[in-house]
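Order as written gives the chain letters A, B, C, D, E and F; numbering starts at 1 within each chain.
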């Protein structure tokens, strides 16, 4: 099976981090296509970046499906364009925030999300509500480190994440941690060992859930709300949607 | 005061309908800028159209602010890009679904939304939840007529809306109607007379709420969740965000 | 247009404060009738005061409508008698807690309410739930200062409100403040300048929303839940309801 | 023990019906004081009647406590003034809607409320939410019969209630019925026999819960939200609150 | 009337404590059968203990009904097997957590539950949600003392409960306390005197509610969800359900 | 990897059906242990059966872990003992209702559950709420056919399920179907072809999610709420919990 993982920002180094993380967990028979769009924001740190990443992301989702991918992962914790993506392609689509929260809710009574900047706290709570996870999510904590700074050598980011996780266990009564950024995929194992509780990274969670959905044989329902976009002619430079190309 | 109304689809005739409706209700001292983007979908009928309309919409919001508009209206009932818009501009921004539901909740115990296609039903319920209106919204009804068909002379659309409203009053115990499409602004008064209950159109509701917010002197909070996007260089053909231009 | 603002307590000095605040924000064409009943509590600090203020309040609402007012504001943050008021008069009726929360939810991801006495905390949360604002209201904070003490010269009330607002921004992640008492209308601008976030006062918010509803041409739905009270003969000293007088 | 039951409307015949119903279920050692105020609405059929009944109701609650009653029942299904009542007296206070819903939730997975006029449907849903009963209440059905018509000989009211209950069992999957008006107390036993499910009347439910609370020795918490009203001088004809009289 | 109180753990000393507490509050005409099963866990401190206690508990409920009990109390704060119990017997069944929360919600705006071990915190929140008490329950606090240690002479448990209650009043704005373990029934009165707010013990609350339901004449609805178990032959050592024996 | 699937009822034919269904979807490297307890109910049709199945189920879960199983599936749509199971074993545990609802929420805007007997409707809604699926579950429909009758040759069960699914699509606006009984696993593919929407069976969904969790390397959090049961000596014939045996 072939899974299409799209990092919706344009930072190739983060795409590489995502690919490395995903490959460590993918099943033997799984082929991964891990890409990022050419156009769009270099990192996603708010509603605007999130919205502007969507056209490039959707193009890559459609391109991936044209190249044979059967399932799709949106590899940014804001899950940009998730519902639009479900309209555009036939294979199942998973957001990494969605995947991480679902997994966490299956193995712990409650979890805390540790994310990057405080400005995405509210956006993250929106996702919690959209997925029905209000009963499981104990808190959303921000370490106030920019997304791309996670990758800087010698960054204090890891240490800040660790401190935030410890506070989550003590103060929020969290019993698992959800990492709130694709760029934290590398931190997962070390944190789990230090903390002694499950630490869930969304990229790997989404890959495994995508494999599960494909193995199960389910695809996105096309009955109404996620039916293919209606054929219509888009104006301007923006590439119109062409379902017939698929 | 100057209000910037952006129809996020590219259909000039619908922009005209919106402008006419808005002008009938705007205050004497209010100047309206009513536009649509050059690029994007000709109508918005689902998550994909909604997402693809956002870049063009945000450009027009920023352009409007550069031209002196102090408040903004997103004139499509899906409220595309509402949160991103609040980041991009300083003046308050209103979605027409948001405005219509707020107004309806102030003058009736409960309302039903009558919209166009069944495929947007779920999207509409998402908005209901986002605005805290679950306790007020009795139902979302779809008449299964495409957005642009609303404008066709001799269309059965008006009659179908009327039937749907009557069912809402009888079966849903609705006590007000919210029209679920900017293109229905013309239907508002006739429906109200026939039904004997308030019929709320979002375009005009948003214009009046925008005037209210401006009169009150409040602008979007820039403290965190709606702070201006962080300055960063976007890749590719997509115009990067440039807050300094404002 | 003429708006009827009823301070439901009997303190003329507070009525004056309310009138001054309202006039600063009212539109040029707006006439304000700002009154308080003769009979009732001098301040509203709990459920009992709230309930006992309602008969006098409703009389003044009806009197205001008889004198030509087209919309009504209940100028106490407990929104006493709001639903009864919607039955009694034809024009739209706004509570100031309702108006403030609606406005705050349009310009910030979340707000904290800063109120007077701790004993009204629970009452305030009831209003939050009634208006669907649970997703927006981060906290209700009380400064433990009596309502009428807000007006005392040299009172520490302003300073306590400021401290409470600062705690709201830091600890609650609030991004706007809602002032939880009509008597705080004077504090609004200074607080906004000191805090750098929107500070919403309910009296002025309600006046602007009332103007918006009138401009839009909507009135309270009279279909069922807010239909005029049924004609019946009340016993005793209590003036019966007389819809025919309107 | 002595329980004070106040019918908040002024119809002596309904007070008699309530008293008869209550006495059939009261424990041997229970003395009942069953009264109605002199002033107020003859029946409560909406928010206005509800609000206007409160001052007279509260007077009778205080009078009852002065006469030695240790617990109180508000015998109208709108539970008018319930929170104010908890402030005014020391003994526990039960609304009959509250009592009936609590009892029903203890003996069935879900219930439907059958009430009189459609105009109180929304008011009833407010109570459902206030008491946390949204998960148990399947529907609120109205028979469109006025409150006082329930008592008319030869009235079709009983038959309409029965039909409504049958629809509740079949269509709502209700497994118990809550009677939505104090005036239906007489219908309870016959309905239960015909329907084969528990039929809960609020008057008797409240009497038994009041006995239970007294037997348990609990009284209303006076710590903050239901503390006695602050001593203050009310203006006008309205009798000021005088806690010292108690 | 005869009430069957089953302590679902096998600790006879705790059964004695429960019996003593219950008898102090039972009405004169009430006979109590207070027992524990022979088989099962000696204390219930988690989901496993809770589940394993159910078969023994259900046997004792059925035995109690066979011996003439008309109502039943499950005397463990996890309310193990409550729904199964409602299927198995005809008389009403109350869990002590359920009873305590219902009572607390009738006499205070909000309460905090003080329980034993932190590991049951999540289980307790499940009960809060099941009974619709999310709007009333301010917090669940654990003192980290094992259930059976509550009874040890010289134990610090009482003092820890008191400290936890004080924190609840100050930090949670709780206005009543619910004791989260049957073994705390003895602490109730002393705590109430020290704290000055109602302190609710579930055992006594359930006895009084059971008396109320019996006095009212209601029994569990047998229409569908709590109908008697279908007759079927259970395999193995486990005693099959035999409704005909009743 | 080895997955332990426990059918909590004692019907070997249903265990066989479950095993066949599970094997069709399991990955190549997955070994399945599919068993049922010796003792317990032959089918689970209500709260009592559900509770009485738990001890036998937990024994088989522990036995499976002792035999090397790394993950566990509870193959009954009531998800009996799910939380207790998470305490007893180390590997992740999935209920089939839980698994089916999670999968359905990932590929459709909303689903309807089609189950066997009306008496389990309320139990099923409890599961919907426990998993946060209230926003996704459109309805729970019962075909009023007993569990074991699903397997009878010539049974009308399949046809009734099909009719119920059709009603779900038309009347509930469901866009996927969740089959509400392990015994329906055989119906899945044919239904999907006839209906044209995803039809989710819980047994296969749980197997694939279990594989995903194992591939991801996560296990149940043992920090607090699902920590191993405390060591204690159970009384009577009931086998005490012995974590040391694992």
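FYI, a contact is a pair of C-beta atoms (placed from the backbone, for glycine too) under 8 Å apart; a residue touches a chain by one contact, two chains touch by 3 or more.
Owing to the predicted nature of the structure, the values given are computational and were not obtained by experimental measurement.
Any chain bridging subunit A and subunit F, meaning touching each of them, is among B, E; the list is complete. Comparing A-B with the candidates C-E, A-F or E-F, the pair whose contacts agree for more than half of the residue-numbered pairs is E-F. Separating the centre of subunit A from that of subunit C, both taken as means of CA atoms, is a distance of 44 Å.
Rounded to a whole number, the gap between the C-alpha centres of subunit C and subunit F is 52 angstrom. Contacts with at least two other chains are made by residues 86, 109-110, 118, 121-122, 129-130, 135, 173, 224-226 of subunit C.
Of all possible chain pairs, the ones that touch are A-B, A-C, A-E, A-F, B-C, B-D, B-F, C-D, C-E, D-E, D-F, E-F. Subunit B makes touch with subunit D in their complex at residues 109-110, 135, 173.
Partner subunit D is touched in their complex by these residues of subunit E: 25, 27, 86, 92, 94, 98, 102-103, 105-110, 130-136, 169, 173, 175-176, 196-198, 200, 204-205, 208-209, 211-213, 215-221, 223-226.
Those residues of subunit A whose C-beta lies close enough to touch subunit C in the complex are 118, 121-122, 129.
By the touch rule above, subunit C contacts subunit D in their complex via residues 10, 37-43, 45-52, 54-56, 58, 81, 83-84, 86-88, 118-123, 126, 129-130, 146, 224-227, 229-230, 232-238, 241.
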